[in-house]
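Naming follows writing order (A, B, C and D), and every chain is counted from residue 1.
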Amino acid sequence: MIRAGIIGATGYAGNELVRLIMGHPETELAFLASKTYEGEHYASIYRNFTEIVELDCVYGELPELVKKADVIFTATPQGFLAGCLNAGLLKECIFIDLSADYRLKDPAVYEKWYGISHKSPELLPEAVYGLTEINRDKIKKTRLVANPGCYTTCSILTAYPLVKDKLIDPSTLIINAMSGVSGAGRGAKTANLFCEVNENAKAYGVTTHRHTPEIEEQLGIAFGGEVRVNFTPHLIPINRGILVTATADLTEGAGEKEIREAYEKYYGEEFFIRLPEPGTCPESRYVEGSNFTDISFKTDERTNRVVLMGTLDNLVKGAAGQAVQNMNLVFGLDERTGLTGLPMVP
Amino acid sequence: MIRAGIIGATGYAGNELVRLIMGHPETELAFLASKTYEGEHYASIYRNFTEIVELDCVYGELPELVKKADVIFTATPQGFLAGCLNAGLLKECIFIDLSADYRLKDPAVYEKWYGISHKSPELLPEAVYGLTEINRDKIKKTRLVANPGCYTTCSILTAYPLVKDKLIDPSTLIINAMSGVSGAGRGAKTANLFCEVNENAKAYGVTTHRHTPEIEEQLGIAFGGEVRVNFTPHLIPINRGILVTATADLTEGAGEKEIREAYEKYYGEEFFIRLPEPGTCPESRYVEGSNFTDISFKTDERTNRVVLMGTLDNLVKGAAGQAVQNMNLVFGLDERTGLTGLPMVP
Amino acid sequence: MIRAGIIGATGYAGNELVRLIMGHPETELAFLASKTYEGEHYASIYRNFTEIVELDCVYGELPELVKKADVIFTATPQGFLAGCLNAGLLKECIFIDLSADYRLKDPAVYEKWYGISHKSPELLPEAVYGLTEINRDKIKKTRLVANPGCYTTCSILTAYPLVKDKLIDPSTLIINAMSGVSGAGRGAKTANLFCEVNENAKAYGVTTHRHTPEIEEQLGIAFGGEVRVNFTPHLIPINRGILVTATADLTEGAGEKEIREAYEKYYGEEFFIRLPEPGTCPESRYVEGSNFTDISFKTDERTNRVVLMGTLDNLVKGAAGQAVQNMNLVFGLDERTGLTGLPMVP
Amino acid sequence: MIRAGIIGATGYAGNELVRLIMGHPETELAFLASKTYEGEHYASIYRNFTEIVELDCVYGELPELVKKADVIFTATPQGFLAGCLNAGLLKECIFIDLSADYRLKDPAVYEKWYGISHKSPELLPEAVYGLTEINRDKIKKTRLVANPGCYTTCSILTAYPLVKDKLIDPSTLIINAMSGVSGAGRGAKTANLFCEVNENAKAYGVTTHRHTPEIEEQLGIAFGGEVRVNFTPHLIPINRGILVTATADLTEGAGEKEIREAYEKYYGEEFFIRLPEPGTCPESRYVEGSNFTDISFKTDERTNRVVLMGTLDNLVKGAAGQAVQNMNLVFGLDERTGLTGLPMVP
């Protein structure tokens, strides 16, 4: 059995990791680390695990924790892992980081968008960006996975084949997205109170959201050149779910047939990416609780544009699920192991 | 592999049966029957099953359908199964009926509360009321399971130990319950539109709800005498979940200790019934998506009463989950098979 | 114009007071006091008032504030007003207190349920319990209104005529209630985050909720003897609304006709209490945003009980609306002034 | 008093018209027409009006109805009014049509997008597009107001000053919008059931939504040339509210200062258009229940684009409120009459 430890276990992504690991046939929980809840029974915080999870929350330094686990998931604030990880610790344990610390290759970009200096830039070359369907081979060989953000996973997967095959002009790519509230975390903030979010819709982080450079970097790699996008996230009153709607100009010769073929080419064999029937719009509820991403599109002859639509569960494919998918790869398992739970409707 | 057919597959309980059976290691889908959607691809109706479920909806007569399956689940309107089932068909196939047709032993009571005459009362003696934790041994031997209602399962399980051991006076039992909207089905009714339900709370079926006689019959058996209750259901804006709050006078000598012991005695070993820590109130979200029922209580010395609280997911333990739990028993499997998915929070 | 000051203006009840006072033809805002937000533009906190409310939040001591207003509404934590009000200040200004400080006549009961000692018990005789429809004449003459709680207003109004006229046995009265989340305030607590409340139902404060003694005291006055009830509140995912469902044994000779007559007798002429058609169940959405309370009932011959149902908007009739209704009375205005906004559906 | 009749009174827009007219000091309800609910008490359908609205639903032909009212609001399916209105009837009564029948000047465009032929194209020249802030003077003089759609009002108001003053290139304008479910009407459709909408987000009508030509026509007039946009609407689980997020390339010389000045120039004096502080994102809850539209923006130097954001209540400014605003103009009243109800939060 793989011993899996979680640091930051009491956030929503941490809780989702616990759910997935408890249902994973080859993995067992090694420890649940939480500074805030040290000493408390985990199942007293997340009572969904009553009589299921027996562990108490612990707190410990990384050098001590690496001895107890084969893999450590960090669902921690930006800067935490970069501040305590080093090459020596990385030899003792696999790390799958759900924060942004190792996602951007250039520490200057990290510092610009996150406002903190990177404490272990020497590890960046070793880190692999954990967008499984795109970086699968590299992930298999790494010890440090930079697990992508939720908006990012959805945005990149939705646009990737068209950018890669130059069916759209990436300089015209406009990405709008909406997210469920669990993406904002479990911190006690007024802005995330039920009465502040329910019966409301708003954009936020307009022109400044931190997932922007991550999208740009990865799509830039796919395109083979710089990509700049407008990414506008919105908060809507649902617990889980990301829905991305992206619009871009079609390049010469690109049409419905070519786009369909591109999606088939890149995703036709992917278990966790589904391509619903032409003409259907993905709905976040149809992936809720699962590791699936559903992607569809509609071309518009009137404007010579295409509208791309993608959806995933921000806590699964957008966080814990993709983290487990990556863990499976690193440990040589079938990447679907422990991730075959189907979406729950309604 | 057990071949499982579902009649009424396109309702919410039917959809949940599909989800559970797709995740069940010993069962496969035999057919998905639906009159309304005959010929349509099931996954085009429930797009959570895109690329997962390949079957189309069929329509057929029972004598034809029994040949294709080892077990048939009927998630159908009241009166349907009673109108077409007979002893001969019952020899060919196991039936697990999610409707009310075989729940009440007295056809006159059925006719009074449901307003339809019972078409196959001769099968009633054979039917076993499928409240697994209470009727486990009988269920193992039957070919016709009358799967309980959602409110009923929650109400009975919550009150059963105290009624059985006479710790409360059942003539004082007041049961209030609230339900998610999926309990009202997928029919296109104005009253169940989003805008009619969202931001609203209401009681309904006051003094006349059809789950009342079911509760009374089963608690009466436990008590060893007639039981009459006031059962008041409410509709609240959540997709899934039943929460029962029941109040009753304590009998002489009954207190917190005795009640705790009674719950331990009957449920201490039950996997699907959880008894959260003293002082905690069950919350519907902590069982959502799972087959668990969480039960707790609080005694009140000021009034010499006890307040009982129970919660379950109406589509799982309140319908499809308990149906699969019963199927497992009938086919000699561990009753937890295919039902170990954990609750999903948030 | 009546100059109205609000202390605790940035809570949800405070915000609702601002909305109502801005629409009140005889009143103007004198000041908006808030310790936390001192110096901030009120409309930057509650952006519903963009370009409407020009005031900034202030902070000041009571002796200073009384000079600026004819009436002060205190939507403050328990203990605040009792800790700073005195007979001298009460001569300078009318006080309408939305906290519990002056609701209970016996300071010992206050201390037992609220866990704090009462700092100005000498003012209790002067305070009038502001349940307008029941204490109208006393309210007109007081300078200190103890505005009732939201659960309390709904529970008492629903049961009052039957308790008063002895149509039910108050020793059998079981009150269940559910509330929207705004009743829990705007404090940044994890338990009130969207993801903790949405898709959830739970009871809380079982046997210990602080509105219990308030209900008991007022129904006891109506009954002419001690009343003890089990009051069980629940939290459901709506912004606004209280729904009360109460059950009690009918007394000899009491039936549907007598109950209907009792409601007509006490409420037939009341503008803000509506008695929907027999057989209809009140729904919280039908009073949302308004000062109405809708009350209905259903008798049950099987159990000789009656089920009572009442609903109101916790921020209007359950807080700010009733406060304005009381202010109108104190200042000799038609009590409906500024309160004729109709419920908003959906 | 102005006698106002409503045809299609039992839809959500009809209900909202009733709420506004009941609160309008110069108007009274003449009749409430509904084919489906003919003969039923209006307040039995919309129980928010219990003891408030005494009218029953009627059904009648237009020549008969015009005699009973000074103004008729039609909140009816597309094609209804165009099929029965004529010049003679228009002489007897003012018409404010909430359907799309008279919004598009070219009947061919109407037929293309709506799939029905226009039955009274001869009235199109007389119809004034009722976007009050833009067409105020024309509205004052007409007898036939084509009240704009909800998405349209929000989209046009948000983009208008920048298109008009050529601060953005309209050929790059991408409009995304999300809507509350009341915009889908009160028809009993499975797709609008609570369980189909709650906890879900989806795009719909992608590239084909009928509000597209309306947006294009009006922005084209402002621009002085053809405008083609991609308009992508989304359905989210809220009752009310439209939020528009639009992106466009800035033209040479256009920046934050110029955009701010353009908004000030066109909307600085408008009561119902609010321009929140720079840097704030409009939220739908801050206009809920009111006739306000809140508009803001953010420029992006990285991409030389601007992100525009606008929000309104689809049933008020997006339907009934703007209809009353237009009625006020036609009848020579202050356009704010009866529309000063403030947004309700939460």
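The rule is simple: contacts are C-beta pairs under 8 Å (C-beta built on N, C-alpha and C of every residue); 3 or more make two chains touch, one makes a residue touch a chain.
Everything numeric in this text was worked out from a predicted model, so none of it was measured.
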item	value
Chains in simultaneous contact with chain A and chain D	B, C
Furthest chain, CA centroid comparison against chain B	D
Geometric centre distance via CA averages, chain C-chain A, whole Å	45
Length of the line joining the C-alpha centres of chain C and chain D, rounded to whole Å	36
Approximate Å spacing (C-alpha centroids) for the pair chain B, chain C	38
Overlap residues in chain D, where contacts from two or more other chains coincide	12, 182, 195-196, 198-199, 237-240, 283, 285, 288, 346
Sites on chain C touched by chain A in the complex	12, 181-182, 186-190, 192-199, 237-239
Residues on chain A engaged by chain D in the complex (per definition of touch)	172, 174, 176, 178, 195-196, 198-204, 206-207, 228-230, 232, 234, 236-241, 243, 245, 247, 281-285, 288, 298-300, 302-303, 305, 307, 309, 311, 346
Touching residues (chain side chain B, partner chain A) in the complex	12, 15, 19, 22-23, 44, 46-52, 182, 199, 239-240, 274, 276-277, 280, 283, 285-290, 294, 340-346
